[in-house]
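Below is one structure, written out as structure tokens, with a few remarks after it.
So that you can tell them apart, the chains are marked A, B and C in the order they are listed, and the count of residues begins at 1 in each.
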Amino acid sequence: MSAQATEKTATDPSTTDETAGGFRLALENFNGPFDVLLHLITQREMDITEVALAEVTDEFIAYLKELQGAGDGLKLLDETTEFLVVASTLLDLKAARLLPRGEMADEEDFELLEARDLLFARLLQYKAFKHAAEFLGQRYHEESARRPREVSLEPQFAALLPELIFNIGPEKFAQLAAAALVPKPEPVTEVGLSHLHGANVTIGAEAEAITAMLTERGTLDFAALIADTSEQLVVVVRFLALLEMFRQKVIVFAQQDPLGRLEISLAGEQDFDVQAVQDSYEGSAGEPDHE
Amino acid sequence: MSEIAPIDELPGGLKSGLEAVLMVADSPVSTARLAEIFELPVARIATTLEELATEYDGKDRPRGFELRRVASGWRFYTRTDYADFVSSYVLDGQTARLSQAALETLAVIAYRQPVSRGRISAIRGVNVDSVVRTLLTRGLITEYPEMGDGGATLYQTTEYFLERLGLGTLEELPALSPYLPGVADLESLDSATYDD
Amino acid sequence: MSEIAPIDELPGGLKSGLEAVLMVADSPVSTARLAEIFELPVARIATTLEELATEYDGKDRPRGFELRRVASGWRFYTRTDYADFVSSYVLDGQTARLSQAALETLAVIAYRQPVSRGRISAIRGVNVDSVVRTLLTRGLITEYPEMGDGGATLYQTTEYFLERLGLGTLEELPALSPYLPGVADLESLDSATYDD
């Protein structure tokens, strides 16, 4: 690890897009969604507030798209999903801001508030650890200028050590070596994206699958909706499809009690519009928010 | 223990005795251990170590070395002023920096230990598997002897972490709370919502 | 080289600079090497070392350490007056057996020599600094005469190691393959995974 490569560039990593009048984030190796969000917020010299969260949504989505377009950066599926979770929450916040303001009446408003507060709290928490990391980095760097004395024992003291009991046979020793040299198994939570090229999973297709299941069997929960697949990608895309369908009011969620089962059923008023999904991602991504 | 200890009969006395022992030590030595070796009360050992440290800092001149208290023990270190010369003698990875990702992960482990990878991921919003491996290899963290809920491996910081950061104990880490205005109980927040 | 060298501008000057370098030196350092480090003539280095040695012998008190000149150069040693105390520190808590960590590290070195500490750490997934020091002290491994990539110290096993294992040469070490089910080519396998 070279010192330079791991250091954040001191200069402003973003470029100002003059024609659009807004910010555009250059591709930079951020440490996940919270890092990007914090950067976007501080760049606008805003406090971390609900307003800021909604206002940086487009830039956040644009950054995510650019990362994916560049084909690097987001190497791990669960990392991508973290970004998507944050992005979808931001989208909901923004959507709520665009709606006419009325009284907080229905449950959806409260759910949205809850989602916002949770995101807000996680962001604050991340900010605290980022500060702590700064302290650690500073100490780590300062301490590199000191070296502890750690030298081998002078021969007369080494000679005092009790005679080593070392009666392990060559065969046993080879077994030990073999065990030590076998690569440690990769941690189980790591998921590669290499299989993505083979599979063509789209929000449109998954939305159709969901519609078909709901038409046939009525109200289902998420577990039932993904019971036919064990593939992570399908699960994730189906989840995203659900969010989109909800946005388009194709489906409704119902939850009997807090933390209870989330039940999903068709709203029955309109069909899912695949074109709108693309429009909303393509269209809003690069546009500046002039509010 | 008011009678004269063996070390007091030697020309250099306790100061020189301490210097000799610390010169062969390859990890910090506690005052308790030194008290046993010299058959003297801990208090006298502690006072003499403080005197030695002050002496090295500048009685005649600032010495090339300093005596510091880290990770609950005392140890000789080179003085930072001479870092350039020391590093041109010793070539190794000591000066390699930790990446931002590694530092953030280390911070979460330091403040939340023992903690699982899933929990760290939830706080940082990214997968931390490879960063955790780097920290293990560098000896800054280690596996906690017991498993967490659901058999997850937990991690904690090491003695070397304290030494490497020049800290006496974990309590010397600055409090997280000043950075968290108005958020009373994050502890429950991240575990309740994002547990693995 | 009569102009002022960088070290002369620091408060402690050359004396303290030499102290700093010698404090981390594991083996004797030659005056030639020190002259290079401080960009000063060998004669001045030699004179200053002599002055330091005299100072330690008794300017205020005989120090717990002394600066001695041996065949290949200069090194800090403990003063013999305090040998009893140093011995009781060294012997405290010593065992006659190698720990599991030490055995595994020795095995990695035996089959991958010459190998750097960084590489061993990567293979074992933990920091191996103190274990390597134990193996060095016990005479089971030694430094390889040449440096590895980036100036890293490499280690190899010793004659004594072969003796203790009851082997004549390294070639007599049993092959690893029978103990590695389904792994055809270990060499390529671990270098692919653990390259530093």
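Keep in mind that, in the parts below, a residue touches a chain if its C-beta (ideal position, glycine included) is under 8 Å from a C-beta of that chain, and two chains touch if they have at least 3 such contacts.
As the structure is a computational prediction, the values presented were derived from the model and not from experiment.
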Relative to chain C, largest Cα-centroid distance belongs to chain A
If you tally C-beta contacts across A-B and across A-C, the winner is A-B
So, in whole Å, the Cα centroid of chain B is separated from that of chain C by 22
Chain A and chain B have mean C-alpha positions lying a whole-number Å distance apart equal to 33
When centres are defined as mean Cα positions, the distance from chain A to chain C in whole Å is 44
Residue ranges of chain B touching at least 2 other chains are 22-27, 65, 76-79, 86, 90, 133
Residues in chain A with touches to at least two other chains are numbered 147, 149-151, 153-154, 157
Per the touch rule, the chain A residues reaching chain B in their complex are 1-3, 6-8, 31-35, 76, 78-79, 82, 86, 118, 121-122, 124-137, 139-151, 153-154, 157, 186-187, 189-190
Listed in rising order, chain A residues that touch chain C in their complex are 147, 149-154, 156-158, 160-166, 168-171, 173-184
Residue positions on chain B within touch of chain A in the complex are 22-27, 65-66, 68, 75-80, 83, 86, 90, 94-101, 103-104, 106-108, 110-111, 117-118, 121, 123-127, 129-130, 132-133, 163-167, 173-174, 176, 179-181, 183, 186, 189-190, 193, 196
Chain B partner, complex, touching residues on chain C are 6-7, 10-13, 15-25, 29, 33, 37-38, 61-65, 76, 78-79, 81-82, 84-86, 88-90, 92, 118, 121-122, 125-127, 129-130, 133, 150-153
